[in-house]
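The letters A, B, C and D name the chains in turn, as written, and every chain counts its residues from 1.
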Amino acid sequence: MNLQPDSKILFQGITAELCATHGVQMKDYGTNLVAGVNPGLGGQTFEDIPVFDLVEQALAAVGAIDTTLIFVSAYQVLDAALEAIAAGIRQIIIVSSGMPPLDMVHLLRKAEATETIIIGPNSPGIIVPGKLLLGTHRREFYTPGGIGIVSRSSTLTYEIALELTKAGLGQSMAVSIGGDAIAGSSFLQWLQIFDEDETTNAIVLVGELGGNSEEAAAQYIAAAIDKPVIAYIAGRKAPAGRHWGHTGTLAAVVGRGGDVGTAQSKLAAFKSAGIPVAEKPSQISELVKKALKVK
Amino acid sequence: MNLQPDSKILFQGITAELCATHGVQMKDYGTNLVAGVNPGLGGQTFEDIPVFDLVEQALAAVGAIDTTLIFVSAYQVLDAALEAIAAGIRQIIIVSSGMPPLDMVHLLRKAEATETIIIGPNSPGIIVPGKLLLGTHRREFYTPGGIGIVSRSSTLTYEIALELTKAGLGQSMAVSIGGDAIAGSSFLQWLQIFDEDETTNAIVLVGELGGNSEEAAAQYIAAAIDKPVIAYIAGRKAPAGRHWGHTGTLAAVVGRGGDVGTAQSKLAAFKSAGIPVAEKPSQISELVKKALKVK
Amino acid sequence: MDLLEYQAKEWFRETGIPVLPSQRIDRIGDLKGLKIPYPIVLKSQVRTGGRGKAGGVRIVTNTIDAIAAAQTIFHLPILDEIPEVLLAEAKYNADREFYLAVVLDSATRRPVLLGSHQGGVDVESSQELLQQVVVEKEFSPFYARKLIIKMGLQGVLIQPVSDIVEKMYRLFLQKDLDLVEINPLGVSATGELMALDGKVTVNGRAIARHHDISLMAQKMANRANCQNYFDILGNADLVDRSGNIGILGNGAGLVMATLDLVSDAGGRVKTCLNIGHGSNLDPAKPSFGDRLEQGLEFLARDKNIQVVLVNILGSVLKGVKVAESMSKVALNNSTPKTRNPLHPRIIVRFAGSELSSAQEQFSALAIPLIENLDEAVLQTVRQAKSSPAKKV
Amino acid sequence: MDLLEYQAKEWFRETGIPVLPSQRIDRIGDLKGLKIPYPIVLKSQVRTGGRGKAGGVRIVTNTIDAIAAAQTIFHLPILDEIPEVLLAEAKYNADREFYLAVVLDSATRRPVLLGSHQGGVDVESSQELLQQVVVEKEFSPFYARKLIIKMGLQGVLIQPVSDIVEKMYRLFLQKDLDLVEINPLGVSATGELMALDGKVTVNGRAIARHHDISLMAQKMANRANCQNYFDILGNADLVDRSGNIGILGNGAGLVMATLDLVSDAGGRVKTCLNIGHGSNLDPAKPSFGDRLEQGLEFLARDKNIQVVLVNILGSVLKGVKVAESMSKVALNNSTPKTRNPLHPRIIVRFAGSELSSAQEQFSALAIPLIENLDEAVLQTVRQAKSSPAKKV
């Protein structure tokens, strides 16, 4: 994944309002937001960002795009992402929430065929503290450093970053894969990226109930990750079977036993893989410090 | 394209009747017909050919397949071809006729994405005289030699082969791309294959009214083909706008002028490209001999 | 299969493409129960173009004028076609008119979206006004937006017009069409969009897999009593009404080549039949042997056809079987009903294994069996010239 | 959204999946107009499973028995659910029973076809009997045949059973389902197939893009007069009926983490509300500020909730705006109608820019504003323990 501070970023679904909040925040952070796309708004300019009707018009004007951020409404996400892929963009961050999961299945088939990375949907994106902001992460909680955070949440990620920052542990990068049942990228992919990233010393994995991605991550960490990993799982006290605004539990996990998806099953998986698990966000920093000393 | 005499061939849509005619004909010619597929007939054997319910079962039993021949009924062709592609087969000959053109559009998108060669639909396939028969060409009209034939027809191809055979000109290979508006392979692809094929000395291109593939071929021959090419176009006297059992004229040729698709437009294209055109089948052999002498 | 305007508009309505209130008029009396307020437009429902110029479209403001206009249109042939139905439609004041279409293109082997910001009668012939977008991969609405931008539309018009193209594409895919066209798409002064005229062509091969379209096709052709495969429209090719030769062959290319040869030799071909090559994979359709018999019967029924040239190469039937079929037909046609004991004269061209297996049977039938195509053509033309065409 | 059996079977019928003749029974009187011959099966239309064991399915052979059985079933709660409707269906003699399903699987991120040659109640729990085929690429019927072969079916059964799976998949895709299940699919002695019971779950997010399903959802929820976003089923999460703490936060993960902390500290949470993070891209839904106000209103209406912990991090609203919303709700709840001038007690946890921008407003409101999450949790639990839960 190309996360260079000067990489060129597109803003699909740009409006005056979204640009005033998220657009300005990213530009202030130094992110190279070169163009926006919104059919019907072509020709306008928001905060010095030129707007086009089509992705291909934007590319014709500003050259190749490294990453596009999708902010369009839920039922338009699939089309916007396919338009980006057709125009040759290979890194897509979907901030929008509410995308129907079968649209995501359709998109994943195309993404895999074209080797396109999809982050999200329902994701605040990626922040490389002090360098690059791709999405809606709030900068105020982050500080540069050596801890990588991978999460399924947005505001809970800020909570974790805040605890680390308060404890003097800056972050190399934080990414949320998004809280949806069908996510574009996986914990496994990001664990591998962090493991290979020279600026990352330790990894914090923030999971929650639903799905089986934490269970899969626990196995993968034990088998393939060299850097220390600390886990935290939200939802231990949540009644089973509810979706809590995320749809991680809506789609079935087929043929993997009835217990998969509960916070307990996830905690057990980390325990049996020998990965330290924090009981609460404020405990994470001490576990990280301890793990870094041991290594 | 792999056309080795020992390449392994699958027969999709095999039945006792089809096997008794076309299956036996191919086996007698030495074609290595290793298995058949027909859902519901799995476990049977026709003419020593084992039959399976699924393509993947056939592959599990006989190993990788080089080419599959599809004989299923028109509305089942798309599924049969997609099943073959999913099982890893990359050469598909569709003998069946009557396939709806939008099914073919769907199939072509998948074929291009997987680098699969499709010949047909509505094609008698490929014959390498004396060596290999993939499809329904009648061997009695062919004899081994150095002339390549590429055509859109079936029986008209036999007519041309017969005339060449009678004149002492054997054939290196004959292929029909099929008479449908949306064809899996093009004259251009086969012209290139023949141009590179060491056993081919001259090429006979057999066209007919409808579509614009002959016009495109004429341009391509002038630009890129070194071996002598003789053309013949059927349908000079046919009233315009009829489909003659082929659908070459049913699908529009967009934005290329109203005259495209008539036999006259095709004859003009060959004339302006300096390619000799036979007035009738029986004239082809003398034009071939003349062209071979000149070179 | 071409749909009539009113049928196309029913599909548009179901798909969510805006159309005007309208009513189908089967007979003059239907105008009395009209639910659309005057002024209305009465439109001849024929498949041929140029309807407006020919007088097949009239604006009327009251019932008396409507009845007079309908009477005229019901009797007005447009390129030989008399309408069975009229369409009465509300009048619409369009500020601008666009052209939109989705068509299957054999050159790119993909559906193509077409559009022009100048709708009207002659859009198709003025290529420079017509914008194109090839639907390279699976359709997604951005393809429609690309077309709309290419057409030069801007701002608030982009989304609603591309929504209509999207719906046209869904219809195209869902119903297996060769063409769906809206010409013109009217844009009112307030920006409201309306499909004012429409054209839909269903791909003939796909009809059988759509229950609704199969019913339409059956009604249209009114061929409930049709027994012979070649009575079905599109299975026989009329070349020249004044010709006296019939050609029957297995394969489109072979039939066309034979037609060229006969014509070049001075023969006048009336009808060509392609009975198709090879065995039939669809049990709903007649077998090769049946098609051969039905084809000969079909040609024999036409009293203007004096000579039939049968050109069969590499068939799945052995020549013996073909000869049997032919003798059956020949016997049928030598009953007292026909003046000539063997009408029409049949000349058969076989090559390969058919020839060797059939020679004995044919000599018994007194039907000439010739291997050389040029020779068979020559004899056909000679015979046809010695049997002048009858007056009907 | 789970459909009732009779609704699922209506969709099956439209899709061409064979179902028995059946009739919906809204009231006992409907049994007199029955068009299905006896014996019939009367089935309670509830969403929960285990209906048969609970006595919600009865076979009856005449009208008198039918009325008696219907009266029983109409009053029989199954896992707390009383049926509004029964289904009267013809009886079927199945020789064999299969299980078939299409489900969206979050692990493979694909639809998965499921099947077993032993249909019945407990199929889902016996994983070893359940065959799976992941629909890796775009669906084509061969995926269905793969499942059927894996299930161990042979010969003439392969095609018809895989046709049913194909139709289930089309329905799954067309209606945006999370699940479609036929259990059992009956096979008669003559090989006839019949979907005897069916289950369909529509994905909640996709409902709004299907006009027909939106109408169904509206009818089901009967929420025509529903004004507060959190009155809609699924937008609020009940944790423990006997709890006296409410949690409101922006983001599912944050709310769950807060719940864990409060519970670990000994607090008992009744309801959690996630008002979502960030700005709303869908204008049909309430804005962030509206969701905050409606959420507080919703919790304040519950008289058992004594303390509400509001945990908001990195919102798009400045803290000042959040404070304004809260003061509005606080004022509403201090009208004479409520006994307590500030009920429930609110504890707000802010961090980052919200905190700094809101400090002044909150001190004026007399609502505690705390930066440290653990500290906010501690205070919440302390307050809740000093205010015992009321009896309702």
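Annotations
Following the convention adopted for this analysis, contacts are C-beta pairs under 8 Å (C-beta built on N, C-alpha and C of every residue); 3 or more make two chains touch, one makes a residue touch a chain.
Quick caveat: nothing in here was measured; it's all calculated off a predicted structure.
Common neighbours of chain A and chain B, by the contact definition above: C, D. Farthest from chain C in terms of Cα centroid separation is A. Note on interfaces A-D and B-D: more C-beta pairs are in contact across A-D.
Our note on geometry: chain B versus chain C, Cα centroid distance of 27 Å, whole angstroms. Separating the CA-averaged centres of chain A and chain C is a span of 55 Å. In chain C, 137 are the positions where the chain touches two or more neighbouring chains simultaneously.
In terms of which chains touch, the assembly is arranged as a closed ring, every chain touching its two neighbours and no others.
Listed by label, the pairs of touching chains are A-C, A-D, B-C, B-D.
Within the complex formed with chain C, the chain B residues making contact are 13, 17-18, 21, 71-75, 95-102, 104-105, 108-109, 124, 136-138, 140-141, 151-159, 162, 179, 181-183, 206, 208-209, 211-213, 216, 234-239, 242-248, 250-258, 279-282.
Chain C contributes residues 136-137, 140-142, 145-146, 149, 154-156, 158-159, 162 to its touches with chain A in the complex.
Residue ranges on chain D touching chain A, taken from their complex, read 103-112, 114, 125, 127, 130, 132, 137-138, 173, 176, 178-179, 203-206, 208-209, 234, 237-239, 249-257, 259-261, 263-264, 269, 272, 274, 276-279, 281-282, 312-314, 316, 351-353, 373-374.
Chain B meets chain D in the complex at residues 39-40, 42-43, 53-57, 78-80, 82-83, 86.
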